[in-house]
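Shared between the two complexes below is subunit A, which has subunit B as its partner in the first and subunit C in the second.
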Partner chain A sequence: MLEVKDVSKVVDNKAILKGINMKVYEDAITVILGPTGSGKTTLLRIIAGVEEPTSGRIFLDGKDITDLAPKDRNVAIVFQEYCLYPHLTAYENIASPLRAAKIGEKEIDERVKRVAATLGITDILGKLPRETSGGQRQRIAIARALVKDAKVCMLDEPLTNLDYKIRETMREEIREIFKRTKGKIIIYSTPDPLDALLLADYTCVMRNGVIEQMGKNKEVYNKPKNLFVAKYYSYPPMNVIIGQIEKLNGKAMLKTPWFKMSIEGWSGPLNKDVAVGFRCEQLEIVPAGSKVDMKLPSDKLKVATVHRIGTEHLIQLWTADKNILYALTPGDVRLEVNETVDVLFHIDKLWLFDKETEEFLGRIYEGSAIHD
Partner chain B sequence: MVEQPRGIRNLFKVENIAKALKALYLIFYTTFMLFPIIWMVSGAFKTDAEIFSKTPTIIPVRPTLSNFLPPKMPTAMWRWLTNSLIVSVSSASICSLIGLFGGYAFSRARIKKFKVFLNLLMIAYIFPPAFLIVGFTRLVNFFGLLDNLVGVILVYVCLQGPYNIYLIYSYMAAIPRELDDAAEIDGWSKTHVLFRLILPLSLPVIVTAFMWTFMMTWNELIYALVLLNSPSNLTMNVGLSSLQAGDISPYGVMFAGATVYASIPVVLFMFLQKYYILGLTRGGVRTA
Partner chain C sequence: MTNIILEDITHIYNLGTPRETLAIRDLDIEFPDGSFVALLGPSGCGKTTLLRIISGLTRQTRGYVYFDGKEVTPLTPRERNVAMIFQFPVLYKMNVFENIAFPLRCIKVPDEEVKKKVTEIAELVGISHLLYTDPRRLDFATKQKIILCRALVREPTVFILDEPLTNLEPMSRFELRLKIKELQSRMKTNMIYVTHDQTEALALAHKIAVMKEGEIVQYDKPEVLLDRPKNTFVGFFLGSPGMHFLNCKLKGTTIDFGDFTCNIKGLLSEDVLEKFDNKELIFGIRPEYVLVSKKERPGYIKARRGNITNIGIAFLVDIYIGDKRLKAKVKEGDLPEEVYVGFQKEKICLFEKEKGELIIKNTEKE
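And now, the complex of A and B:
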């Protein structure tokens, strides 16, 4: 287990990390998710030993490694920019950590070729990095990290510099490669929630140098601690509308511009403005000419943008108060910008947050409150 | 009206006239700049009579090598050439080494205020070198190194060292810091990172710094003139200027000496020009 205890980092009077506490377990992929500037890379660099924390300690399997040099920490890292040595061939790049450890030439050759075969880069071992493609360089960088057989393997936004198609392929490959390794602590940092959704066993969401929430992937996704985690750890982003929780006839009543619902078993605050979250798949665009299901809340909204993502379209819709809501449609449905469409709100699952503090208040599942 | 052939029409087009004028200017300018060198090389292979002939010639009528050989060429001239090589190669080597370590340190300094010292280095160049000659002479004398090549080398290192640091620092600053981090995580020591990673990547600028310092010290006259006295300790340019005495100077011998003297940097540049151009134009390395 890797444990980070009260780690802070201050640079030029600016706090980059503030009291980070986390435990990372082996045989699992832990994804650190956060926007640019949240401190993910700084945290990884402190764990690797190439930066010193202003305060706090790092423990690996119970041993304090905070004051150890990078080479003594048993860590490997794949940098965002790959950081391959430009004057060395792919073979020499991968062999670098083994040469530093003064391992015999025969063993170096065996291990390099084995890792290269795993990653499908045997045929480019003799090439310089500038003679290879972005995806190949990424694999060489991963091979260099894997060949070291370090206890902790960290990947710092490894897919950011790749184009969309290669990113999808590499994501799958990374999952397969690291699922096969045993006894390793894998930490993957990314600003892309899709990486976390598809790769993570554990997710750690960071913002402004602070861990907002950390836990098992599904738990963080289904039970976000605050509005930021709910909106950020969602692909596409979670829809959020403003409503009020009132007491009516002894019952809690949720009121929004589109629907009212009574909530069974609500023990949260009353007479409060709340932010109501629901997933984009819960907003259904009714095809033109189809009958609208009158049992569900509905409205006519104007299309703001249409983006193709894979085999679907992500539609952004304007609300009357100029908010944006997200919906997905199949790839064969064609919508135009400024077109007005009928939308249905599938309100079986809702997440409620305090509008002021953005703290999580509870979930509503088919009209009943769930306070976790 | 008879139509002009197309070739003659093209001749009078504005852009073609402009091109012709540009070419004429370049030919004139090149001739003007190169002529003294051509005259020098030509004179090295002429007899004194032909040099002073009323009919000047570029190509010697009776070419001769006598200006390069004894008794016309003083034997001390080869000693002077050797001294110049010792001084320039030593100065350039030491300055390149200082630039390597200093440039690396500044480029990797985490403390931003440390870089104030980098700017302070360049303050030394506010003063023309001749302005500092008295101070340097007293310093060299204090260490008992007057009339000694070591004294001249040390002065040249003081004069050129800061520029080398700045030049190499500018190049190394563009080499990503993450490369060093990657090497340290791989398990390499800081010394290995400098010599096996940064140095090969910085070869163009190291060569540039070497060549720049070599050229500056090769051509330097004032300090060599003041700090060196004995005939056996003179550098080539001081020695050549000492041949000029009285009404008649041995122009043929001076031309020959100057030709040999000028050819050495040319040969050096021919071998190292690839790295020199890379060092001046490339702002670091684009990593993979």
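And now, the complex of A and C:
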């Protein structure tokens, strides 16, 4: 287990990391998710030993490694820019950490060939980096990290510089590769929520040098601790409307401009303004004049943009008070910009946050409150 | 607004030297008035070269470029009135207002009109509140918005965007993408958008030209490209994940996969059925059209469910039928280990084995 304890980093009087505490486990992929400038890369560099923390300690399997040189740490890192030696062949690039560790020629050859086979780059071992494609360069960089057989393997936004389609294939490959390795701690940093959804066993969401939430991937996605995590770890963005929680006849009642509902088992605060979050698939555009419950008044919703996501359309809707909401429709539904639409609102799943502090208050699942 | 036609374009870099490279080969394409077209393809497919030829930054080795019927090859980008926006925003050392006003100042537009136009476009893009600030301190996405304003304020004949969102992080990329879409549908400016990101092309464009190795493989509306890709390359390149392929054999109106079969009655015309009867084919299906059921249904095949991944708006499920692997994109992620799988028949694509070309014609009329 890798443990980061109270790690802070200050550069030019600016706090880049503010008291980071985290535990990272073996045989799992931990994704650090956050926007640019949230401190992801700095954290990885401190774990690798390329940068020093201003305060705090790093432990690997109980041993304090904070003062060790990078090469003595049992840690490997793949940088966003790959950082391959341009004058060395793929083979020599991969072999370089082993040569630095003065390992015998025969063992080097064995290990390089084994890792190259795992990554499917055996046939390009003789080539220089510039003679290979972006995806192949990325694989050489990963091979160089894996060949060290380090306990901790970190990838810093490894797919950012690749073409979209290669990114998609590589993402799947990375998952396959690390599923086969045993006993390793894998840390993967990215600004892309889709990476976390597809790769993570554990997810750690960072903002402004602070960990906003860390936990099992599914839990972070389904139980965001605050509005920032809910909005950032969501694609397309989560819809948010403002409402109030009130007490009526001894029962908690959620009121929004669009609907009122009583909530069973609500133990959160009452008489409060709340941000009500829900996902785009919960808004369904229905034919004009449809007789359904929970229909939103159509004179208030106007199509702003129609945006294709694969075989479906993501619709951006203007509300009367100039808020944007997102809805998803099948690709064969035709909608025009500025058209007003009738929308069916599936209110089976709602996330409630304090409007002021943005902290999580509770989820409402089919009318009942869940506060964990 | 301008109708743009490229005719018989070939471009060779380093012509006559040992490093001669063919970038574009005998290419024809038309960009209709007020359209939003995406040039989509992997790195090195020639899309940026094509865009430079349209804008006048690169002179093609052979062929003609027409703007509204007029051959413009000798004209400079400014004479063609082409606006461009690239991956990295370049701003001048002046406030946001003057940055946007710059192209108007160059052609000596009167102050009053400059003010009106700049204010209008800034309002539309949503940066009115920043007009009198120093742009250098703004974030990347906002800078790109300023460039957008500067490009649009001069009412260009065509607006060319070369991967303008590549360096943005996902959330800002998404927001700016919506902004561009909104602007285009309001202003009806001709836009040509270059990207390797198929999600962007699908989201924005009326028509997409899929490029590969200097040629246009297919040029059509997004829904046609998705449903009736001309070959397996287009099928895989579009959609996330792309189309899945299985080897099969056509036997009458049945597709034989070895372990199981699938009836496709009505999908192919009589002559096609006859021509390919008993031939090896490639069966293509998008994950969205692989139907997964918990219960047995007529026409469904018993299968084993593998990994389930939540991708936000849906779940991706690995499906194994015998030794064959497929991916399904479903709305409900709660599935037992044993499932039944069917295919949405009209969405099935069949390709001939040799070149991977589609053998079903698109029957939908324009």
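Going forward, the second predicted complex is superposed on the first by the 348 of 372 C-alpha atoms of A that agree within 3 Å, B and C clash if a C-alpha of one lies under 4 Å from a C-alpha of the other, contacts with A are read in each partner's own complex, and residues count from 1 in each chain.
What we mean here is this: a contact is a pair of C-beta atoms (placed from the backbone, for glycine too) under 8 Å apart; a residue touches a chain by one contact, two chains touch by 3 or more.
Quantities reported herein were computed from a predicted structural model and do not represent experimental measurements.
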Touching partner for A:198 - first (subunit B), second (subunit C), both, neither: second
Dominant toucher of subunit A (residue count), subunit B or subunit C: C
Which of subunit B and subunit C A:96 touches, first, second, both or neither: first
Which superposed partner A:287 touches (first subunit B, second subunit C, both, neither): neither
Which superposed partner A:137 touches (first subunit B, second subunit C, both, neither): first
Subunit B versus subunit C as contact partner of A:77, first or second or both or neither: first
First, second, both or neither for A:163, with subunit B first and subunit C second: second
On subunit A, positions contacted by subunit B and by subunit C: none
Complex contact set, residues of subunit C against subunit A: 42-43, 169-171, 174, 177-178, 181-182, 185-186, 195-200, 202-204, 222-223, 226, 236-237, 239-242, 286, 288-289, 309-313, 329, 331
Of all residues in subunit A, those that touch subunit B in their complex: 12, 45, 48-50, 69-71, 75-77, 79, 81-87, 96-97, 100-101, 128-130, 132, 137, 144, 148
Footprint of subunit C on subunit A - complex, ascending: 35-36, 133-134, 163-166, 168, 191-194, 197-198, 218, 221, 232, 234-237, 279-281, 304-312, 314, 316, 328, 331-332, 337
Residue ranges of subunit B touching subunit A (in the complex, touch as defined): 112, 176, 178-179, 181-189, 192, 197, 200-201, 285-288
